[in-house]
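As written, the chains take the letters A, B, C and D, and residue 1 is the first residue of each chain.
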Amino acid sequence: MMDSIEGFVNVILGLLFTPQIFVPLVYPGLLTAAVMAIVIIWLERKVAAKVQLRYGPLYVTKRMGGVTQLVADLIKFFFAEVIVPRDVDKLPFKLGPALLLTFSLLPVVALPVSGQFEAFRSDATLFLAVALLSVGPIYVIIVGWASNNKFALIGGLREGYLLVCYELPVFISALAMAVLYGSLDLVELVRMQGPGLWGALLNPFAAVSFLVATFMSTSRFPFEIAEAESEIVMGPYTEYSGICYGLCMAYSYIKLYVKSILFALVFLGGWLPTVWPFTLDPTLPGLIVAFKAAAVMLVGVFLRAVYPRYRIDQALQIGWRPLFALSTASLVWSLFMVGVKVGGWV
Amino acid sequence: MSSSGVAEDLKRGLEGLLVQVREDARGGITVEVLPDRLVEAAERLRNLGFDHVKSVTGIDLPSEKRVAVVYHLSSYTNPAYVKVIVALRTAVERSNPQLPSLSKVWLSSHYLERETFDLVGVVFQGHPDLGRILLPDDYEGPPPLRKDVVLKTEGIDA
Amino acid sequence: MTGRAETFLSNAARWVSAKQPIKSIIDWGITFSLWPVHFTTACCGAEFAATSAPRYDAERFGVLPFVSSRQTNLLVIEGTLTKKMAKAAKIVYEQMPEPRFVVAMGACAIDGGVFWNSYNIVRPHEILPIDAFIPGCPPRPEALIQAVMMLQAKIRKGIAAFE
Amino acid sequence: MTLEVVEKHLELLIGPQHPGSGHMRLVAKLDGDIIVGFDPDVGFVHRAVEKIAETKGYVQIIPLVERPPLVDCVNVNLGYVLALEKLLGVEPPPQASYLRVLAAELNRVASHLYGIAIHAIMIGSSTMFMWPLADREVLLELLQDLSGARVTYSYVIPGGVRRGLPEGFKEKALKAFRYLRRRLRDYDDLFLSNPVTVNRLRGVGVIEMRDAVNLGIVGPNLRASGVPYDVRRAEPYCVYSDLDFEVMTRREGDAYSRLLVRIGEIEQSMKIVEQCLDKNPSGPILHESFLRGLSPKARAYMEQTGRVRFPALFSALKPPQGEVSVRVEAGRGELFFYVVSDGSPTPYRLRMVTPSFRNLAAFRHVMVGNRLADIPAIYGSLDYFPPEADR
């Protein structure tokens, strides 16, 4: 009897710890992303409150500084009534939030967060991650259209305009790093950053343009434009209530989380500051990546306390002029670096 | 410039319009004009340098069967008139309160006239956008600032 | 067919959420996540803003003023409700997802206050189910916070006014 | 399938339940992102102050008129009482005048801070929403010391003020101003010189000087367009003629200059309050004609505590027949009172033209041609408070 239970548990654990299941569901997938989003939103509210001379969420669990605030919000959203207005396009309206979340989370399968525990091995993971990341915003536009609300429509259109202008710098700066290291494989990329030569140091232009474009794509201030509340209420998500809105709200944070991991891998040396060559245990490197990603996310959410928001035309100008120029410059810089063989390892 | 000097100015500027310029003990200057001369008087006052309207007030006078309309004028730019407020006063029949609009003379009277139409019921002819502004669109009954609208008051038999 | 499945599912969800301890958990979540909708009906809105501001910081209690009626569950009638605004208030209330709560803030929202004999006001309790009244003209932010705490206690006890 | 295009422009109804509308509805017609038509739909907070005033005694009207412009109530209170005093022919004692100016200027600072906070949240700066509201509490605390109430003071009464200067007020006020001056520098660092703010506000919502005069707008909005009109200078009331302050003006007339004028006026108001505290003459705080009606016990109480017991005379104040018009500079601009008395205990007609209602004229003019995202930026910069406009 005991044996059979033990065997059953072993099978379940074995299944769970298969990379193909563990990566999308536990780490860096759904579970970690959810916990990370909860903690980051809480931190966002706490840090903003600190800057604004307030406490922020507190009394929900007073001893822990209100860290369960987001759990309470989540419970409230989960059990609130989900309203499907009469005039919406029902199917895309209902499916939209789920698809948004799925596609924002999907790129994690391509992210080797510890260098060895991967869902699958490919030599084009960077390309795959960036490509998958650009699918999500399309559903924002669909959601905005399906809501049959003028504010949602305008929000969707704004996202559409921004989509082109922020994805391009992301692509080009990722390409710049690929050119610099001569590989599209993220594991290879991290390995190349080995001797302390982080991507952000070798090609700061690419790092800056990638980061700014990340904040632009995840609606961080000062580019919180698609859901600018004093202009268009909640943008594409105006009509959503209950858990559907909860998913929409999680979308931008999860996207930020995924992009932060990508940033940590490509520009911040990934899991590297561990013992070299690293041990068989993938936990520590994984934690290091998570830590770096959290740091990037914190920078992103902290901007809320500092900046007002840009107008859509100004954001587009920033996207198309300085940002596009910067990412192109980073590509040129990479080519130059490759030309002069900096570091001697190219 | 003293206010009596302003009154002299006004008398001179509005000559031949059958207006009455009076000054009360508290220093207020009132120009009384008949409704059919209102626009002309207003244009002359504007040319004198009164460049904006501070207020348009409708006063219901049931005892006289009239509604008085008072425009309070002053100036931002003409230093002689910055210090004074001139009341341009006219009166219309209570049963048929029609008055030419002064919003073409002074743009600043646009919303003030609209409010007077809404609350006192004076119809300003030629106003570009005369409609309800403060009251709900489906408001029914006499204009609320008329004296026949009587509010409840606190009292022993209330 | 899908219609029947949906009814079944929603009935099942209703059944589950009425059971202990799930109900307690839900009530706890709602208690600390009362998001008032951004709907200023009159001048008490200034004091409402002060309640979210640093000195009184309503966010400590999980009260986060939020943008749209669809995502919020608390309607604070901030002072007088005029006839024109009452229509909007009714619509906003109907747009909000259940469970939803209403707090009437200020003397005007109780029985008209200074404007009791005005021709253009509505008494909120005549058109909305109200959970807490706050006296004062305008009420101090502390009073609003106290109302929130009373509402929280009411929700925990399961005696709030919503059905 | 046939497509039929009906309307080229998108009509957007913003509000009244909208984070960027306040207590009103903004009807914007959009061609793409550009506003081609704009119509503010007000009246959501119309509570009939003018009509209710006709049913109330003259002193009872004081709390009534200060409700609509809640965040700026001393100035409104002052305007009404000045009109009443003009009707009665009463001149307040000098200390009362100084205290009136002091309270009015403190309230003006509070009102401007509120306006700046709302303007900031409209363009998305949550920190700059919180900071001025936090610092407004400092002024509310001062006013609370002075009058005993948090926002609605009813401080100015016919013939004087309700309370004298409390003990230790001067030190407290000076400390508060030191703090505020430091905070104003913080505002500059975080918000005013923030590149995003400058980009959002500079050159947006320009009102030329000529248009400002024609539209008849008032207050900081007028002064930001280059018209140096301030009632405190044009027709000084109370003791403003003895005080030294600048009328803040700017040329540009855009949203940013309106913000800067407000910031500048905060400085000037603090200067005025400091002068009031320095010059403050001692003496009675209520006109003697009202003191005569007080019982000896009430007089002793007044002497002891510096608080006024309302004389019975107030309950049936009957000004002589006549009409007066009075203007004061309230926080948001010129406030105009026109009171017609028929000799009875209630006014025959009370006309109250608030600065926000006059600024309403600016909306249609200034919005057209800007972008959708500029609506909240301009709306905030006009510091429009709907309850004040609708009354």
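The rule is short, and it goes like this: contacts are C-beta pairs under 8 Å (C-beta built on N, C-alpha and C of every residue); 3 or more make two chains touch, one makes a residue touch a chain.
Owing to the predicted nature of the structure, the values given are computational and were not obtained by experimental measurement.
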When every step has to jump to a touching chain, what is the lowest number of steps that links chain C to chain D? 1
So the centre of each chain is just the mean of its C-alpha atoms; given that, what is the distance between chain A and chain D in Å? 46
Taking the mean of the C-alpha atoms as each chain's centre, how many Å separate chain A from chain B? 63
Measuring centre to centre with CA averages, how many angstrom lie between chain B and chain D? 24
Between chain C and chain A, distance of the C-alpha-averaged centres to the nearest whole Å: 34
Multi-partner residues in chain B (2 or more other chains touched) are 135-136, 144, 149, 151, 153
Residue ranges of chain C touching at least 2 other chains are 54, 67-68, 82, 84, 117-120
In chain A, the residues touching two or more other chains are 52-54, 229, 233
Run through the chains and report each pair that touches. A-C, A-D, B-C, B-D, C-D
Which stretch or stretches of chain C touch chain D in the complex? 37-47, 49-50, 53-55, 67-69, 79-80, 82, 84-85, 88, 91-92, 114-115, 117-121, 137-138, 140
Which residues of chain C touch chain B in the complex? 82-84, 87, 117-120
Where on chain D does chain B make contact in their complex? 42-43, 46, 48, 50-52, 54-55, 86-87, 213-216, 222, 227, 229, 234-235, 322-325, 327, 334, 336, 338, 340, 348-349, 351, 353, 357-358, 360-361, 390-391
Residues of chain B touching chain D in the complex: 24-26, 28, 51-55, 57, 59-60, 70, 72, 76-77, 82-83, 85, 87, 106-112, 115, 119, 132-136, 144-145, 149, 151, 153
Spell out the part of chain C that touches chain A in their complex, as residue ranges. 17, 25-26, 28-33, 54, 57, 59-62, 67-68, 70-71, 73, 95, 97-99
